[in-house]
Amino acid sequence: MQALYAQLLVGLINGSFYALLSLGLAVIFGMLNIINFAHGALYMMGAFVAYFLLNLGGINYWWALLLAPIIVGIFGMILERTMLQWLTGLDHLYGLLLTFGIALIVQGVFQNYFGSSGLPYAIPDQLKGGMNLGFMFLPIYRGWVVVFSLVVCLATWYLIEKTQLGAYLRAATENPTLVRAFGINVPRMITLTYGLGVGLAALAGVLSAPINQVRPLMGADLIIVVFAVVVIGGMGSIMGSIITGFALGVIEGLTKYFYPEASNTVVFVLMVLVLLVKPTGLTGRAA
Amino acid sequence: QDKTVKIGALSDQSGLYADLGGPGSTLAAQMAVEDSGLAAKGWKIDIISGDHQNKPDIGTAIARQWFDVDKVDVIVDVPNSGVALAVNNVIKEKNGVYINSGAATSDLTNAQCSPNTVHWTYDTYMLAHTTGQALVKAGGDSWFFLTADYAFGAALERDTTAVVTANGGKIVGGVKHPLNTPDFSSFLLQAQASKAKIIGLANAGGDTTNTIKQAAEFGIVKGGQKLAALLLFLTDVKAIGLETAQGLNFTETFYWDMDDKTRAFSKRFSGKMKNSAPPTMVQAGVYAGVRHYLKALEALGGNPHDGVKVVEKMKSMPTEDDLFGKGEIQPNGRTIHNAYLFEVKKPSESKGPWDFYKLVGTVAGDQAFTPLSESKCALLKK
Amino acid sequence: MTTLTDDTLPTTPRAMRDEMTVFVVMALLLAAVPFTGVYPFFVMQALCFALLACAFNLLIGYGGLLSFGHAMFLGTAGYCSAHALKVWGLPPELGILVGVAAAFALSIVTGYISIRRQGIYFSMITLALSQLLYFIYLQAPFTHGEDGIQGIPQGHMFGVLDLSKPTVLYYVVLAGFLAGFLLIFRIINSPFGEVLKSIRENEQRAISLGYRTDHYKFLAFVLSGTLAGFAGSLKVFVAQNASLTDVHWTMSGEVVLMTLVGGLGTIFGPVVGAFVIIAMQQYLASFGQWVTVIQGSIFVICVLTFRRGVIGEIAHYFRRSL
Amino acid sequence: MPDTAIAEAPAKAATGGNILQVRNLEAWYGESHILHGINFDVNAGEVVTLLGRNGAGKTTTLKSIMGIIGKRAGSVKFNNQEIIRATSDKIARMGIAFCPEERGIFASLDVRENLMLPPVVREGGLPLDQIFDLFPNLKERLNSQGTKLSGGEQQMLAIARILRTGASFLMLDEPTEGLAPVIIQQIGHTIARLKREGFTILLVEQNFRFASTVADRYYVVEHGKIIDGFSNSELAANMDKLHAYLGV
Amino acid sequence: MADEFILETEGLTKEFAGFFAVRDVALKVRRGSIHALIGPNGAGKTTCFNLLTKFLKPSAGKILYKGQDITAMAPADVARMGLVRSFQISAVFPHLTALENVRVALQRQHGSSFDFWRSKSVLNRFNDRARELLNDVGLSEFANTPAVEMPYGRKRALEIATTLALDPEMMLLDEPMAGMGHEDIDKIAALIKRISAKYTILMVEHNLSVVANLSDIITVLTRGQVLAQGHYSELTKDERVKEAYLGAGHA
């Protein structure tokens, strides 16, 4: 029984990464109608930027948490301005392929310069060590990850679903021309949104740097799972992807305990089941 | 006699294994050609390289094209067991020479052995055997396995289990994890709960480095359990960092800082690498393999462009080079040389950017690799 | 979803004639390959992928359904054919039949599950199904995990055609490709094809005209999956192995890419696209580490500058349907 | 007779200063040239109606003024400021509001969000309670998803939402399409009232009977040009001509 | 009875999360008549259509078509029984030519629509009939024009031609004149009049002159319920109808 609690908690921790990543993806899909395949690569960049900040600039983890998302976000905005922008109004497929291409380029370049086995990034001193919870040893850093990502997720949800800015964004997804004709600088807003989504990915990257290796391919495999989370939650639904993210972490954790071989597969089983019962995901709006 | 040779360095140039093989392997092959001094004797030796992208069909397509169109004589390196086995078939069909250094599967010289193939450097049997035996003897008599859930992981686990039990240890549990798992905490919790003295990591690459990193986070080593990485390369240690990796035990057959000869070679090698990295054991294996191949050609007096014949010649000559020392190639294609048990240094002990290992023990080649009596290779049953 | 193929021109009798002419030219060119010194294995591999891409294109270009899991048919047929040839020792023609039948059965099951989902959800459920299958193949003993099934015997087709001879193999593969291609061409220009197009254009309207649209989409899915399986079975003879790469999602992605590079919803586009991508993989191999960067750049350029794909742009320029 | 002469003649009769001046406006959709030099004026405080057959270019004219047509040329002056090069968000912020013929209700927003969507660009918009007086249906369905409204309710919402913004120059594209006669009458009253409150309105209408109850002046559009124009008082005299133009 | 009324509903109700868009509607459409459904915006007319053609599932009630209970049928099956609708927003297949648009409908009845192995030239046998239909709605000159390129009014006409091709017994037209110029309105009105000789028509329309001229009988719907039913001349005198729909100005 104790072991089970431990697994649940560990699952929740992983869930917070899924939630953060899928949140960024959902923001981008929901607002720009782009399936951002480059998300994994940008997540990886977040981790790398944190590494460079520390090793080249001597800037610590806490600043990296703020700076890396901004830096990667700006990179994302440049991408949006120079490339993605031209795809507005086209089918999803094009955005998906373009961002897939971008992901290949980014990952390829990083691999060229930093190899594929990765670079070390230490846990910040303040978060080192762990607590004995009785049923498990909880590294403090992991506890911090859960709390912090939960806060970020809810803040993002509030911004998009509950503020006027969010309403502009949602409206602009459907009919940018008209929203613009109401007096809103839609292109700028879209650029900023993409920056936000990308920033969230980078944030997840910084958070994971001390846990996982900082590797050029660290996001490449994750991206498919994160897609699945977004789809299960209902494409573009912010709350859907947050909840699904956390829930999937837990479910995966349980699978790792009971039938570990299937732990990579369980998300797809779940996706098939959910889509069979609810064709547009758990909270998806009708197409 | 024809004195032209074409060498194809087939590796993973951009993926998981690019650091331990990749461009470094091509470089190693080049250096082997230069060091052979054959050019001065009128030989014309070319090297081409290719990226198999860890896909068997791309690997075989490249290999086939190299033989059919580019007239390649020998293919070297080929990390990734799946690709390695697929290419093995093509080379046999085309009667080329195959000097594999990067792949771990012991099948290359066992069930799927071929008269055209020489397997240098290491294999799963050797890794399991050396590390397992050493650790049990040092008191690590209860094991828990973290195994990558595919053939390679299963082979490592199976072979290690055999050694551990043969030496009086016991297996208290294990868990199979999927390939490329980003998070191992669940598995580590299970390993922790098992109270095993040794946690054997029967996985590779990113999986191993992530496990080690996260094990440190969960205080596993501090809690008195020991990690045994069954397959770990120099580049992996670099990636994990000494802070986290210190104290790890594992086996390699080559380390750059063994003696003056290896240091001299490594210095030349790293001078030509983009990131100044010293050679890994896979790259060293490529070098040694190509050197031996060229020696065999020289002994034949020319290139007969007949794989079986050349490999027979290679097998008939004892191997000796600066990197692996003396050894031999068994009839099944397995190269035999010393294997070393290493421990990762503490950060305070490390004196340079690549100064990572302490030598803990040496196992003679005939002890480390599959005994011929156990081999199922068809070539042995003549 | 309509923006994908907005450029499709109505097929007029003249268009049909153009297409037949191009087809004959293509067939002749391909038939001449062994006499040109072009490396036949490269062309054979490309032909298998071309057939796969054509099958995929049938679904998206004419049915408006973007499957992101088409590799599952390729891989399944490949594994089954390989197993039949190697373990059961069946002759080539039966080996192919086993593979195609497996793909057919698989497409019925997966089609039944996925066909009612719309747009992106359809893509994702196909992706999920193919990932499931991937993991099954990773575990199943008969696939030999990541080692794959190796050294598959090529054998004698119909007892007479020795497939280990490259030229014979080439013509067999070519014949298979052309047959598959013609079938797809016929499907597109059949009464069924017309209904399919109208469903893609306006599904609600098609329903209100009394079409049970799910049935048509299902048939298209099964046809496409089975043909993709046929490509997979042919590929076994060329590569002589069956491996996990053929079921991995990146393969499904590659098919999308081939089709897009060549021209979505064009008849010849997928063929051209497959040749371009396969050639890229072959000839870029010597660039080592830069391969992915170069590939990525090509996608980006393709999407940004010639979105209609090679054939699509040509067709657009001449205002012809190709 | 040059086009400009037609356009200016009736303008003199109207009240207030000139607020919108359109000269030689041309517009293209991709390759196809739709407007071939449109000329007309709108004076502050009046209701001007563009009439014309299907496809004459009425909607295109409004869109060109709003800056949401890819390619356009000529001159459009709003309050004596040239806006032909401005982007549509700038134009909106200058005080022009546009209600499109396809309504443009946002599916992912509920009715309230749809209503509150356009930012207030200046003082003087209609307060919400007045809007609900005009369109009671909306108040009832405030929390429904925008596109679940009936066709007519969507039309009401589309009009309602630009009344809030404070823009004083409204462009309404076929606001009565698909509406029940009662509602049409209400909209007529609303337009009259907006006019009294100082709004200027440029209307596109097929429903000539409705237009005649609210408009001060008319322009007839055909094949991307203004071919005629007259004031409401001249209507009776021009009835025959109009019938010919519109095929009534 | 079933002969007299082609379509009957009993207690037809549709509820959206507590909101009754259609409530307890009993509608009887006489065979061969033009029956108009009018009512203020949001009265539930389109919802009614969606219920009748099964694009929505009724929350309660029963629908009888030709005496048969069709309440639980799928939309395509209802269409196959000869009950065909048009949409409020015009619905054509944009990249097919007018002729092909009509042919798609003709093809459905002739059972070859699953034949993927035959050449589509077998469809040419429908060309004559398709041309005839296009001719009926005045679109002969547009036969080879893709539908996207046709003016709005012509698309509506095309939609009607397509619907006719199914040889339906009953047609449901949702605001067939919406957004049309006067010219086209007259044309379509004449067309409807003409086809009503053969088919039963149920239509929603806000254009009163059209309703007045065409319909044999009118049902007025408000707030999802039937308010009144009768001939145009009767209804214009009905105060409730005036208030709810026609407005004060109406004589």
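Read from first to last, the chains carry the letters A, B, C, D and E; within each, the first residue is number 1.
In this section, a contact is a pair of C-beta atoms (placed from the backbone, for glycine too) under 8 Å apart; a residue touches a chain by one contact, two chains touch by 3 or more.
Each chain and its UniProt protein: A = Amino acid/amide ABC transporter membrane protein 1 (HAAT family); C = Amino acid/amide ABC transporter membrane protein 2 (HAAT family); D = Amino acid/amide ABC transporter ATP-binding protein 2 (HAAT family); E = ABC transporter ATP-binding protein.
Note that the structure is predicted; figures quoted are calculated from it, not measured.
A.B. asks: Any chance you could name the chains that touch subunit C and subunit E both?
C.D. replies: Looking at subunit E and subunit C together, no chain touches each of them.
A.B. asks: Quick check: more C-beta contact pairs at A-D or at D-E?
C.D. replies: D-E
A.B. asks: Name the chain whose C-alpha centroid is farthest from the C-alpha centroid of subunit E.
C.D. replies: B
A.B. asks: Farthest chain from subunit D, going by the mean of C-alpha atoms per chain?
C.D. replies: Centre of mass proxy via C-alpha means gives B as farthest from subunit D.
A.B. asks: Could you work out how far the Cα centre of subunit B sits from that of subunit D, in whole Å?
C.D. replies: 76
A.B. asks: Distance-wise, how many Å sit between the C-alpha centres of subunit A and subunit C, to the nearest whole number?
C.D. replies: Subunit A and subunit C have C-alpha centres separated by 32 Å.
A.B. asks: Whole-Å distance, subunit B centre to subunit C centre, using C-alpha means?
C.D. replies: Chain centroid spacing, subunit B to subunit C, equals 37 Å.
A.B. asks: Give me the residue numbers in subunit A that touch at least two other chains, ranges are fine.
C.D. replies: 108, 111-112, 261, 264-265
A.B. asks: Touching two or more other chains, which residues of subunit B qualify?
C.D. replies: Correct list: 14, 18, 149, 178-179.
A.B. asks: Give the residues of subunit C touching no fewer than two other chains, as numbers and ranges.
C.D. replies: In subunit C, the residues touching two or more other chains are 135, 139, 289, 291-292.
A.B. asks: Please list, in label order, each pair of chains that touches.
C.D. replies: Those chain pairs satisfying the definition are A-B, A-C, A-D, B-C, C-E, D-E.
A.B. asks: Quick check on the complex: what are the subunit E residues that touch subunit C?
C.D. replies: For subunit E paired with subunit C, touching residues are 53, 55, 74-77, 79-80, 84-87, 91-97, 100-101, 103-105, 107-108, 112-120, 122-123, 146, 162-163, 166.
A.B. asks: Using the touch definition up top, name the residues of subunit E that touch subunit D in the complex.
C.D. replies: Touching subunit D: residues 16, 19, 38-47, 88, 151-153, 175, 178-184, 206, 208, 243-250 of subunit E.
A.B. asks: If you look only at subunit B, which of its residues touch subunit C in the complex?
C.D. replies: Within the complex, subunit B touches subunit C at residues 13-14, 18, 22-23, 26, 48-51, 53, 55-58, 60-62, 64-65, 68-69, 81-82, 85-86, 88-90, 105, 107, 112, 149-152, 178-179.
A.B. asks: Using the touch definition from the top, list the residues of subunit A that touch subunit B in their complex.
C.D. replies: Residues of subunit A touching subunit B: 3, 6-7, 10-11, 13-14, 108, 111-112, 115-120, 122-123, 130, 136-137, 139, 141-142, 208, 211-213, 215, 217-218, 221-222, 253, 256-257, 260-261, 263-265.
A.B. asks: Looking at the complex, which residues from subunit C come into contact with subunit E?
C.D. replies: That would be residues 2, 5-6, 8-10, 186-187, 189-195, 197-198, 201-202, 204-213, 215-216, 219, 223 of subunit C.
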